[in-house]
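Presented below are the structures under discussion, each in the form of structure tokens.
Shared chain: chain A. Partners: chain B in the first complex, chain C in the second.
Up next is the complex of A and B:
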């Protein structure tokens, strides 16, 4: 590669995916807030005929936040930091640019079409794998394009050593590829039956307990390779860069990486405790879930120690605040998960609201906070403008933090109450409560969660407004800030 | 011995094997630093000094040249 004086990083792809992150984030959380309200006030199910029911909207919520919001965030940050840590501009290769653009459009159109298909009721009924087979094929294509793009960029890099974040993105790519393919093995019934039924319909290639095992090996590792691995990859770049402090211990980051890779894949069966899967597998799921605390906390503590001696930044830079809160919530949910995976605790927690409570302290506190922080860091550099409003950022931070706390505390109480009521028996061994008793008791907590959804969504709208104002009317920067992001 | 029992034992053996590998890796990391063969902490600077014009922490072009010279 020739060295060229005017060489610059090309952010066009990162910008495009940033827009999608905001769009899908808004849509996904809007639907999340609607379904939360429906659980508190069931009449809301009947506003839009079949299209507005909880059962139609729930998969739209989960798939939009996972495959829409989070995956766009992963792509956006990759196309930004991938170039920077490899010290190569993606524009140095025409091929990679074209590939990236194809990936973007295929992804955008595919994601919209897949969402519409869910709204119309096409679903395989496997959690987080609801998309029917034609969409699965599109997902695989997009993923292959991204893979080629990662490898291509690595191929033309100037920096020989792969920074730890790159390892995490690579693991995300490989992990999701493997999981998605195996769990979505399905047979389109129309074609094998000689034209019976709906062409979009398919059945899983696995049956019964095997299907459940593959499903939760997938489901849990979707959390691992979608909500954990790439997000850790982000924080390993954005926190050091924003604070100007190198990672506290690079060795610990390597070790946590391999620890996470080794342990995560075995923990999925904790979703199937007390079910028909073999006993040893359940025990293995529990045991590995507990061990998982180590690599998870390894990364989180490494991040907090990176701030050692620099804690003043926490008070005067809201971006640091977002990231420190994110790693704190990462610690919270990675201690909570293992607790829920202990068999005796799981006997109470399973099927209750404690599970969505756990999911959302992770995703709202960790995933969304980290992705928003990444966007706050990237946008001023991509658009060469100062962040529009620091005050708005602070207000958003506190509003959303309150919302997360309301969400998980209400669901903890609701879940444990529910679990205890389901099991309660009188002196003769008869169940003390019927199902509707629990529903009545839980109503206030559902209402609190709906409120927390409104608050969180409001915070996200503040975020989107701040970012769009930054892009269009933030004060222009003459040179790129090295560390701390400037804000008005 | 049924298939599920074999699977159980296999999973146990595999766990032990992987634990040993992981501990081996820790020792490898620290030992190679102690002997001065590697410096892992310098890689942390890749994120801090990431302008396209910055000097790479490990230059790919230079190391390739080096390899060719040694051929």
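Up next is the complex of A and C:
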């Protein structure tokens, strides 16, 4: 292995994507908080006329968080750690630099345009794949650019063996490419009908049950390859780097990686339990969801054991706290998911608020915590400055942890209450509740969830402030910190 | 083997691709043709209903409403017969939804009327006290894009052989010839409505979004 002392990495791309991560994170969470409040206080639906209803805003929340915040975070961390684990500066290749910049601008402009299109009501209605066909083409272009960039950097690498994180980023690239392409196959109606109607409108290549299967094969695995795979890739880099500890077990990494790759995709049909897809597919979805615990917990345990003997760091380094909590929430949501995928549980849980509850303990607790930790680790090294305030980090940590707990506990109760009320019958076998009874009963939980949104968003603003202050007025560092990130 | 793969990125990436492709191939492909079959004697939606479906998608009703009645007594008691795969054979995209903040709509045409929908879209909480659904008053002034709906019918007819009649053909002229059929259908719906804005738009030969939407909702049976 070569020494990296002589290597100066180029962080311009990582910096750009870090800005976008913060921008889209703020926007996505702001819209999320607004729509959470709308469910408790419906009058809030009328702030923006036609454009401000819950239904119109919800895809903006999900897409901004998935394709805005998370994907920016993936790009930012890749352009940071990709160079470091491959021991090559991206600036060594003019081509890759130009490519990276095209990717950045196309992505930025594309994301804004796509958001406006959703606001105007252009939507293919497939969850997390709502963008109409021209925006899909832009997404594919961006993804191809990123793919070329990854392959290019790997092509000119000095370190021959690919580090674990690179496996995960590669898998993220390949998985999302496959899923996105197949699920977004659509035919623009304008061209087939001889120039009639709206050029942006399209119809799906698949119909009915088939469309549902393809969609949830995508929907579930977009979570896999967007919210799990690259985030695991991040923690495999940032936790050892921050703690100064070596990964606990290489074999466990192998098992978890290849296990995750093989098992995850099968579980998509657990979104369609009790629907009209064939029974054997539903059973496969359930069974593989349970198997999925193994590779998921494998990674999480590998991370926790990496801290073996160094748990004192948890008390005095908030960055470690963020990452340990992230892997803990990863464990929570990867045991909760399989529970919900059991057919009898799903009969109650499906269509209720328990599902968004599950999504959010994964996303708020795992994805966002990990990405914020990554940024806390990267920014002092990219800007050569100390973190602006450790106190603020601590406060943010506890505020957001409280918010996540409020979110999922309220949604657990709401979901199970609603699921049980829908099926409750009186002594004569008649339904006990009309539908509206099962809505009004949820008001307190919706209010708690809205509060949790406000807390989490406040925490994110504290994060953004801390990072911006670090960039502009943190104490300057003369040399790069080896492990632990210095903070004031 | 793993050590070797980790030094050979091309083969590493190929290995990932193979491992992740299994599930889709085995779970989705074998059933594809069978799951695509419609029920016997089923007709595709009319152009007006398609326009209504597009309003349903534009205002993203599926964020809160499902169209999938599961085979439980508690669901069939509440919503009607459980859903069958063939019923969705012409639905592009499928609109099953994944969340029931509001009730399922797959058979709403059986138990709600045009009049009910008109009042409900204006002020849901007036019709259903305690409802948290927002009013969709803009659907009374926005004009439905029936030309795009027609283009959609032409597309699915030409590409997927969805059984539309000979009147559905590509080109402006065919659309102009077909348009009165759509307007006539819309008039029937609007005849049961009271809103003045709807009446005056219809008189000008325009179809407000709410009329198309109700045509679609009434067709969900």
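The rule is short, and it goes like this: the second predicted complex is superposed on the first by the 481 of 488 C-alpha atoms of A that agree within 3 Å, B and C clash if a C-alpha of one lies under 4 Å from a C-alpha of the other, contacts with A are read in each partner's own complex, and residues count from 1 in each chain.
Methods note: a contact is a pair of C-beta atoms (placed from the backbone, for glycine too) under 8 Å apart; a residue touches a chain by one contact, two chains touch by 3 or more.
Worth saying up front: this structure is predicted, and the values here are computed from it rather than measured.
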Clash-or-fit label for the pair chain B, chain C on chain A: fit
Touching partner for A:268 - first (chain B), second (chain C), both, neither: second
Touched partner set for A:284, first chain B, second chain C, both or neither: both
Which of chain B and chain C A:85 touches, first, second, both or neither: first
Which superposed partner A:355 touches (first chain B, second chain C, both, neither): second
Partner chain(s) touched by A:124 [first = chain B, second = chain C, both, neither]: second
Touched partner set for A:237, first chain B, second chain C, both or neither: first
Partner, of chain C and chain B, that touches more residues belonging to chain A: C
Which superposed partner A:258 touches (first chain B, second chain C, both, neither): both
Touching partner for A:373 - first (chain B), second (chain C), both, neither: neither
Partner chain in contact with A:165 - chain B first, chain C second, else both or neither: first
After superposition on chain A, the shortest CA separation from chain B to chain C (Å): 5
Residues of chain A at both interfaces, chain B in one complex, chain C in the other: 160-161, 254, 258, 262, 266, 278, 281, 284
Contacting residues of chain B [partner chain A, same complex]: 4, 7-8, 11, 18, 22, 25-26, 29-30, 33, 40-48, 50-54, 56-61, 63
Complex interface listing, chain A residues touching chain C: 38-39, 42, 45-46, 49-50, 53-56, 58-59, 121-127, 151, 154, 160-162, 167, 170-171, 174-175, 178, 182, 187, 189-190, 192-198, 201, 203-215, 217, 254, 258, 261-262, 264-266, 268-269, 271, 274-278, 281, 284-285, 288, 347, 350-353, 355-356, 422-425, 430-431, 435-436, 439-440
Residues on chain A engaged by chain B in the complex (per definition of touch): 1, 7-9, 83-85, 87-89, 157-161, 163-165, 236-237, 240-241, 244, 246-247, 249-251, 254-255, 258-259, 262, 266, 278, 280-281, 284, 483
Sites on chain C touched by chain A in the complex: 2-3, 6-7, 9, 12-13, 16-17, 19-24, 27-28, 31-32, 35-36, 54, 57-64, 66, 68, 70-72, 74-75, 77-78, 83-85, 87-103, 125, 128-136, 138, 142, 145, 147-152, 154-156, 158-160, 170-172, 174-175
